[in-house]
Every structure is written in C-alpha cells, then in structure tokens.
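Multiple structures are listed underneath, in structure tokens.
Paired with chain B in one complex and with chain C in the other, chain A is shared by the two complexes that follow.
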Partner chain A sequence: MSNSSRRFYLVPYLAWIVLFVVAPIVLVAYYSFFDVEGHFTLGNYAKFFTPVYMRMTLSSFWYAFLITAISLLAAYPAAYLLTRTKHKQLWLLLIILPSWINLLLKAYAFIGLFGTYGLTNSLLEAIGIGKQQILFTDFSFVFVSVYIFIPFMILPIFNALEEMNPTLVYAARDLGASAWTTFRRVIFPLTVSGVKSGCMAVFIPALSLFMITRLIAGNRVITLGTAIEQHFLVTQDWGMGATIAVFLILAMAAMMLLTGNRKRGAVNARKK
Partner chain B sequence: MRGKNKWSNIYLVLVFAVLYAPIFYLMFYSFNSGGSMRDFESFTLDYYKEVFADTRLLIIVLNTFVIALLSAAISTILGVIGAIAIHHVRSNRPKQTLLTLNNVLIVSPDVIIGASFLILFTMIGIKLGFVSVLLSHIAFSVPIVVIMVLPKLQEMSTTLIDAARDLGASSWQVLARVVLPFIKPGIFAGFFMALTYSLDDFAVTFFVTGNGFSTLSVEIYSRARQGVSLSINALSTLIFLFTIILVVGYYFINQRNVKSPVKEGRG
Partner chain C sequence: MKQLVRMFAIVFAVSLGLIYLTAYLNDSEGYSGDKTLTIYNWGDYVDPELLERFEQETGIKVIYQTFDSNEAMMTKIEQGGTTFDVSVPSEYAISKMKEEGLLLKLDHDKLPNLKHIDPKFMNLSFDPDNAYSIPYFWGTVGIVYNPELVGDLTFTSWNDLWDDQLRNQILLLDGAREVMGMGLNALTYSLNDTDEAHLQEAKAKLKLLTPNVKAIVGDEIKLLLANEEAAVGLVWSGDASEIMGENDKLDYIVPEEGSNLWFDNMVIPKTAKNIEGAHQFINFMLDPEVAAQNTEYVGYSTPNQSAMSLLPEDISGDERFYPNEELTGRLEVYDNLGKKMLAHYNELFLEFKMHKK
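Up next is the complex of A and B:
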C-alpha cells in the first residue's frame, strides 16, 4: 500500500478523532477552570470537595454499586440457567430484545406499573400488604435501573460460561467437589472475565444516569449524571458541570484500568 | 434433579416475566378507552388515531428517521475508512493508541458525550438543532462501525490483495472489487448498529438538540415528565413492533455472517 493512499484513509479518521474524541475532553477540562461569569478560577474544584458535592458523589457511587451488585446477583444464575436450556441462542435473543427498546419507554412503563393505582399496588393489595408508595422512592430507582441494565450483565456472563470447557466441571465433580465448591473454585474463576465486563457495562452508565432519576426517583436521587445535566442545561453553570464531568471521566478511566481494558458489554451485547 | 429443574425453570420464567411485563403493560393499556394506565374499560383504537393525526409528532418521527439513516450512512463510510486506516498501521504501539482513542466514545457515559459536544458546538459556533444532532450521532456511531469492520479486515488474507495487484488492479479496484466485498457483512452489521444507536439515543441528543428540533426520545421524555398519556402507549406499541422487525432483520444479517467460511469468535 502506497503512502499516499494510506494517508487518504488516515486523514479523515484522524480528523474525526481530533474533533470528536480529543477536542471534547480537552474542552471539558478547559471549561472546568471557569466560573459562570467566564473568569478563570479554581473555585469549581474547591466547590467539588465541599460536603454537599462529596455526599452526592458518594451516594452516586453507592447507588451505582448497589445497582451493579444486584444486577450481578440476579444475572449470574439467569445466565447460568440459560446455558442449560435448549434453543439457548433464541432465549438469549429474547433476553436482549428489551434492551433494544427505547430506554425512555421502559422508564415510562414503570411510571404506570409503580403508580398509586398501578399493577404492583393492585397485586400488593390483593395479597394483603396494601398500597405502598413505590414510585419516587430509592427502591423504584434501583429496581428500574437494574431492570434496564440487566441484559448487559447477563450477556457477557453467558458468553463466558459458554466458552468454559464443561469437562472441567465434570472433573471437579468426579474428584469429589460439592456443587458449591465447584462453583466457587472452578466455574466462577473461569467466568470472572465475563463478570468484569458485565460490571463495567453496568457501573459506569449507572453512575451517570439522569433521566431515570428524574422520571422514576422524582429528583430524590441525585447522581453525578443528574448533577452534570442540571449544571449544563438548567443552571447554565458549565464550569461546575465540566468539573463534575472531569471527575466522572477520571472515575471511568480508573474503572477501566482496574478491570483491564475491555470494551463495554453493550457493544458485545448488540453484536451477538 | 427433578425438583432442581423445576426451581431453575421458575427462576427463568420469573426473569422473563419481569423483563417483559412493563412492555406488555404499556401495550395493553394503549387500547384502554379509560384514559389512564389503570382499570381497563373497553377496547379502543383512539390513541392510535391520535398518534397518526398528530402532525407535530409525525414530523418528529420523520426527523428521527432522517437523522438515523443519514448518520448511519455517513458514519459507516467514515468507520470503514477508519477501520482500513487502523488495519494499515503495522506497528503495535500506534495501533493500540488508535484503538484506545476509538473506544473512548464507546465507553464514555452519554452525559459526558452530550455535555462535551454541547461545549464543542458552542465553541465552533454550530447552531444547536438538526446539524448538531446529526454531527453528534455520526460522531458516536463511527467507533462502533470501526469495531464491527475491523475483525473482517483482519480475517482477510493479504495474499488476496497481492494477487489482485499482481493481476494489475489499481488501488481503487483493489478496494472496490476485493476489500469491500470481503468486508461487506461487517459493513452491514456496522450500519445496522449505527442505525439502532441513533434511534435509541436520548442523552446525547437531549444535550445538543436546542429549541425547536426534537427527536422521538426527547419528545417522549418531555411528554412522560408531564405524566401518563395513552398516546405515548400507542406510540410505544408501534415502536416496539418496529424494533422487533429491526431485531429480526439484524438477526438474519448476523446469521449470514456466521455462515461465512471463517467463523468469528464463537459465532
């Protein structure tokens, strides 16, 4: 391949990288040093370390952790059982199908389901628990988030389980390991890569959710994502929004280093 | 073993029930003449009529599709160019750097992409609206296309290109007659993914849409914030059916890919 034609391919692609990958990150970092009036300041960073923002960051991480942990707990058995079914590719497709439906619509459905007169409350009443306030609570926020992210957790775990050599499990059982020991010492370690990419695919988006917090949690839960949206689109304090974004980017980079450089499960999810 | 099987089946059924309940709940009440998502009164198609009579909504649907098709087409072209560019880089370090930069937009949360693009468009003076939404959809679809096309390029034997050159093909002919046909399945898959990403996107669009221009997701969000309205249910039923058609289409494209001589991954 001659040099000129190589450049022919490289130039437009590099232009895209510079314009839409490098420039936005640089601009976010740049804006984080300016206050509302456009003066250079370090005040945004000082503000970020005040208790208000720290508490928000911590609670955002706590919710993201909760969402990831619950997704994992629910997804692992589901993925495992899926590998045991006949027509597993079809079942897997059915698991992924809801993830193709617009997120907003699913969140909207839960407004109906969890509403005061919704299906869930009718069920609760029928079994004698009585009406509960479900919408606009922490529970509904976590539940809906898990609902939305769980396909992205099931898929990489399913793939990892599929790649595992089943004879290893037989060998463990033959050698007298109990079902639990087999899981703990053989199956889980061999599928840990799937678990990692699943957690990646859930944790980072969970940190930055914002429309669900508004629709389902009724502004009770403020995540880093909500805060960024608030600063950019409502209070127009871009500097502070950019500062929070900088920390979110740092958290993301740390997560990626921690779990090894893997591409997000969502891409894998849709690839299959 | 029997009893265990029963429990595992119950668990799976439960998972599926929870996954599909909200969707069917929405669809069910779209036929409710009662006007709310409770107490089914009687069957009606009024809300569907309402959707089709709502010109504003239809224009938004049209906008959404125009954006999706245009951005998918342009990002597919850019993505193929990018994949070929990455493929041509021989040394390892620059290649890894390019791949990492490529993946940044895939792993970034939507809020960050939205906010940073908002800054970018304001800085370079692009008016928020159709153009800014289109540009950002192109921008976040390119890396997905690259990722879909690159494995196909790596699968392709270099002898194929050498043979074509030996037989006197120009570099344009090599591209059009040899490379592109070989990577066609990857290109289709990439185009399709870009399409669904664009149709599905809410957060990025929400940031860069400005006043006056809206896509379906943004419109649903603003309507849903005002509370329940059954025309959204009707609309979502239609979208759901459309999604199923898309998924089935994608499934068949994928099946064709799997059948290609060299199986990729586990296929």
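Up next is the complex of A and C:
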C-alpha cells in the first residue's frame, strides 16, 4: 500500500475524531470561560474551588471509587468461575442480558423492589428483621450502581482470564506454589490488563452518574454529573456546567495516563 | 475483508429498506409532511383519547413529545432542530420566551372557542391581550399528606413541615423555584424575593428541614406518595389530585402564608411548521366538552368556564383545587427573575440538596 492511499484511508477516521471528539472538547472548554450573561470570565473556575463544588467533587470520587471497588470484588470471582463452567457462553449471555434493558427501566424496577412496601422489605419482615429504609440511602445508590456496571467489569476480566495460558497455572502448582500464591503471582498479574480496563469502564461513567442519584438516592447523593445536568437544563448556566465538565475530562485523562503507562511498558517488554 | 464488505452492504441495505418501509407506512395512512402536528407538552398532561379524536376529526397525525421542566423545554426550542408546533410552558417561561423571540403571534380569528375562557384568566401580566398564549390549566403548589401517617398533626402553615414528628417523612419536588419559594413563604417573604439577606435566611431555614426530608425527586413523587412511601409531599395541585385519585386517604392543602399560583399556556413556538394545524389544535382543546374531559383526566384546574359547568359538582366545587377569592389573593405568580437571579436560586437549592442528614 502506498503512502498516499494510506493517508486517504485515514481521512474518515480523522474527520470523525475532529468532529466528534476534538470539537466538542474544545467547545466545552470555550463555554467554560463565559458567565450566565455571556461575558468572558474566569469566575467559573474560581467558583469550582469553593467548598460547595469541592465537596461535590470529593463525594463523586468517593462514590465512584466505592462502586468500582465493590464491582471488582464481585466481578473477579464471578469471571473466574465463569471460565471454569461448562456452558461458558450461556452464562456470559445471562450476565450480559440485563445490560440490554434500558437503565431507566431498571432504576424504576428498583424503586418498586426497595420501597417501604416492596419485595425486599416484605422479605426482611418475614425473616424477622423488620422494615428498613432502603430506598434513598447510600446503600441503595451503591448497590444499584454496582448492579448496573458489573457486566462492564466482568467482560474484560473474563476475556483476560480466557486468554491466559492454563499451563502456566499448572506449572506454578507443579513447582509447589499454593493456590493463593498461584493466584497472587501468576493469575492476577496476567489478567491485570483486564482488571484495568474493567475499572476504567466502571469508574469513569460512575463519576458522572446522574439519573440514579435522583431516582434511587432521592438527590441525597449529589455528584458532578447531577450538577452538570442542572446547569445545562435548569439554570442554563452553561459556563459553570462546562467548567465542571472540563474538570471531569481532566480527571479522566489523568486516570488514563496513570493506568495506561505500565501497559505500554509491558508490551515493549514482550517485544524484547 | 470480503466478508466485512458484505456485512456492511447488508446493514446498509436493511437500513434503506427500513427507511423506505417507514415512509411507505406513513404514506399509506395519509400522514405526509404537513399532515403532522408535533406537540411538546408535560408528561401525562392531556387525555390520549382526545388526541385520537383530534386525529380522526382533522386527519392530522399527532406526535406527542414530553418535557419535565420549563427550562429543559426552552433549551430545546432555543436550539431549534426539532419541529414543535404546539408547546405548553408556564407563565414565567412565556415572558422569557417572548423576550427571546421564541414564540409566534396567535391569530385569534382562528380560535373562536377562546370565548369560553374565564375573563379572569385572560390578559394577564405575563402576556397582555394573550397575543402569544392561551391558558391551558392553572393550579397551586401545596402540601399533600396522609392523615394516617402523620398522627395528630394538622397542616395549615408551611412551618408545620418543620415539625420533629415528620423526621424522614417528606418528599420534595426537584424544583429550585418551588423549594426556595417554600422557604421564603415559610418566613412570610414573597416567593419572588431577590433580597440577598432574605434568600440566605430562607436557605438557613431550609437547612433545618433537612432531617425531615426523605428525598427530592421528580415525577416519581406521585407514585411514591400514592404508595405511602412517605407521609408528606410538596407537590403541584394537579399531581396532588392525581395522587388522591389513586390513594383516597391523602389530602391536599395550600398553606395559609400563601403559595405559588401558576398557569400553563398553549403557545406556538417559532420552530412550528404546521401553524394552521397548531391553531386547529388549540381551538379543539378550548372546546368546552373537550376541556371538561381533559380536566377530569389531568386533574388540574381548568380556566374554561363553559367546561366548568359541564364538570361534576365534586370537581368544580372542590375548594382545594378551585380556591376561594380570599386564598387566591395570597397566591403569587412566579416572576421572571432573569438568568442571573435564577442561577443564584439554583445555586442555593444545590447547596440545600448537599446538606447531609
């Protein structure tokens, strides 16, 4: 293939990137320098560093971290067991199936399940624990978010586990490593790329969750996503909304750099 | 590579086929371009039977799209792109949209049924001579409560919501104007107050309410209150009547300090393509019989006096939804506070939401 035709094939891809990735980011950055009345200002950035938004940022990160950590804890063993089952594809399908249902429908279903007179509370009452407030608590928020994100965590880990050469595990066992050591020294390091992409696929959307905060947490949990939604749709303070978005983009870029570097190193090492 | 090309070809062919099929289906039912009318309305805010009747009578196909806040609706109309022929904004949104040139002037000659509207609701401050808007429904903001769950508490004042017995029992509407208005009204200030000291006082007052607030939600509030998820809710009157229709234990009051009086009005936004059809639709909705049926379905208060006489006494005589002159005098319409003040209200509301219990 000649150089010029290669460049020609690049055009649609470049056009796509410029139109739908670069341009929107530039626009977001541009809007962040204007106040409600359309005057140029740096005030939005100053406002972001006030306690209100700082607290919001911290709590967004905290909840996103919690959601990611719990998803990982649940997803790793699940993915591992999946690779050991007979009808792998069927089980995998069953796990992915819920993600075909619209997010809002699932959220509404949980309102019914977690309500004061819902199934969960009837169950709790039947076994003698008694009614609890489940809906509109931190617990329900994290639980539902984990439920929604978990397929995105299981899939990459499952793929990494599938790609791993099982003879390496046998070798480790033959050489006298305990099950735990085998996991810690062989299986986990070999699947860490899957864990990383799973964490990214969960952490980043979790950082900007917004519908769930209202439907399941009753606005008791306010994330940056909620604030962006409010500023664009209610306040029409696009500047402030864009400023928060800029910080989210920066945070995500930082995350990618942090987790991406080592992977590149690993690839290079393999080439050698 | 060959397989890939074939796959793309198949996807492409199927998409083309689907586009053709949709066009064909629309044509065969007689719905071509100028035979459709897109209505942009609040969710669940018109009797679907009436839309069908309108379609049958006029042969115009109705597309019904919904929004859940005036602000979201305005943003979408401002950006254009989608054709909306009729919309139903609230009064403060109308004055704002008028300023920004987002509305088309109405032709009153095409609206003979306009005579049925109570003169009391015509020619209001937000739209003199009804040049741009026709009243659709009106109502109040108040408290809906479940007498069985609140013990011996009775509600007459906003301040009753601050009672210790209501810990974790109140659901609030997710609206900055409504909640800030409640705080201001509880302190007997106007809900259009722009005095910074008063606003801070209202925010501090609302902060004290936090332990009683179970959640701040959107349209789900109807479902949650009807299911007795909480004892008390801050709601619009029409939502209240709908909730009470589902669970007749509940009751609704408008607090004595005063509250919000609002109007939703039919307008033709500048995005309209089928202006003739839009007038036909507005005129259709003003027909007394249609308005009466719609009122029974939606549950808000109708400004149509001819429709009032068609409604059963238990609706038209209900003081909770058609309050007497004395209480009406204490109700206030939301003024258009301007973008900056609205942003400030929202900022305060956001801070209120962030208070942890």
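By definition in this document, the second predicted complex is superposed on the first by the 241 of 272 C-alpha atoms of A that agree within 3 Å, B and C clash if a C-alpha of one lies under 4 Å from a C-alpha of the other, contacts with A are read in each partner's own complex, and residues count from 1 in each chain.
Methods note: a residue touches a chain if its C-beta (ideal position, glycine included) is under 8 Å from a C-beta of that chain, and two chains touch if they have at least 3 such contacts.
On a predicted model such as this, the values are computed, not experimentally measured, just so you know.
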**Request:** Answer with first, second, both or neither: which of chain B and chain C does A:101 touch in the superposed model?
**Result:** first
**Message:** One more residue to check, A:184. First (chain B), second (chain C), both or neither?
**Reply:** neither
**Request:** Identify the partner contact of A:232: answer first if only chain B is touched, second if only chain C is, both if each is, neither if none is.
**Result:** both
**Prompt:** Taking the superposition as given, does A:117 touch the first partner, chain B, the second, chain C, both, or neither?
**Reply:** both
**Message:** Is A:205 touching anything from chain B or chain C once the two structures are fitted on A? First, second, both or neither.
**Reply:** first
**Message:** Looking at A:13, would you say it contacts chain B, chain C, both, or neither? Reply first, second, both or neither.
**Reply:** first
**Request:** Have a look at where A:82 lands relative to chain B and chain C in the superposition and call it first, second, both or neither.
**Result:** first
**Prompt:** Once the shared chain is lined up, is A:131 touching chain B (first), chain C (second), both, or neither of them?
**Reply:** neither
**Message:** With both complexes superposed on chain A, which partner does A:39 reach: first (chain B), second (chain C), both or neither?
**Reply:** neither
**Item:** Superposition-derived comparison: chain B or chain C, residues of chain A touched
**Value:** B
**Asked** Which residues would you name on chain A as touching chain B in one complex and chain C in the other?
**Response** 108, 111, 115, 117, 214-215, 232-233
**Asked** In their complex, what parts of chain B are in touch with chain A?
**Response** 8, 11-12, 15-16, 18-23, 25-26, 29, 36-39, 78, 81-82, 84-86, 88, 98, 100-120, 123, 139-140, 142, 144, 147-148, 171, 189, 193, 196, 199-200, 202-203, 206-207, 216-217, 220-221, 224-225, 227-228, 232, 236, 239-240, 243-244, 246-247, 251, 254, 266
**Message:** Using the touch definition from the top, list the residues of chain C that touch chain A in their complex.
**Reply:** 69, 71-72, 74-75, 168, 171, 174, 176, 214-218, 220, 223-224, 227-229, 339-340, 342-343, 346-347, 350-351, 353-354, 356-357
**Message:** Under the stated contact criterion, what part of chain A meets chain C in this complex?
**Reply:** 36-37, 52, 55-56, 108, 111, 115-117, 133, 135-136, 214-215, 217-220, 222, 227, 230-237, 240
**Prompt:** Which bits of chain A are touching chain B when the two form their complex?
**Reply:** 1-2, 5-6, 9-10, 12-14, 16-17, 19-25, 27-28, 31, 74, 77-78, 81-82, 84-85, 91, 93-95, 97-98, 100-113, 115, 117-119, 122, 147, 150-151, 159, 162-163, 200, 204-205, 207-208, 210-211, 214-215, 224-225, 228-229, 232-233, 238, 241-242, 245, 248-249, 252, 256, 261, 263-264, 266-267, 270-272
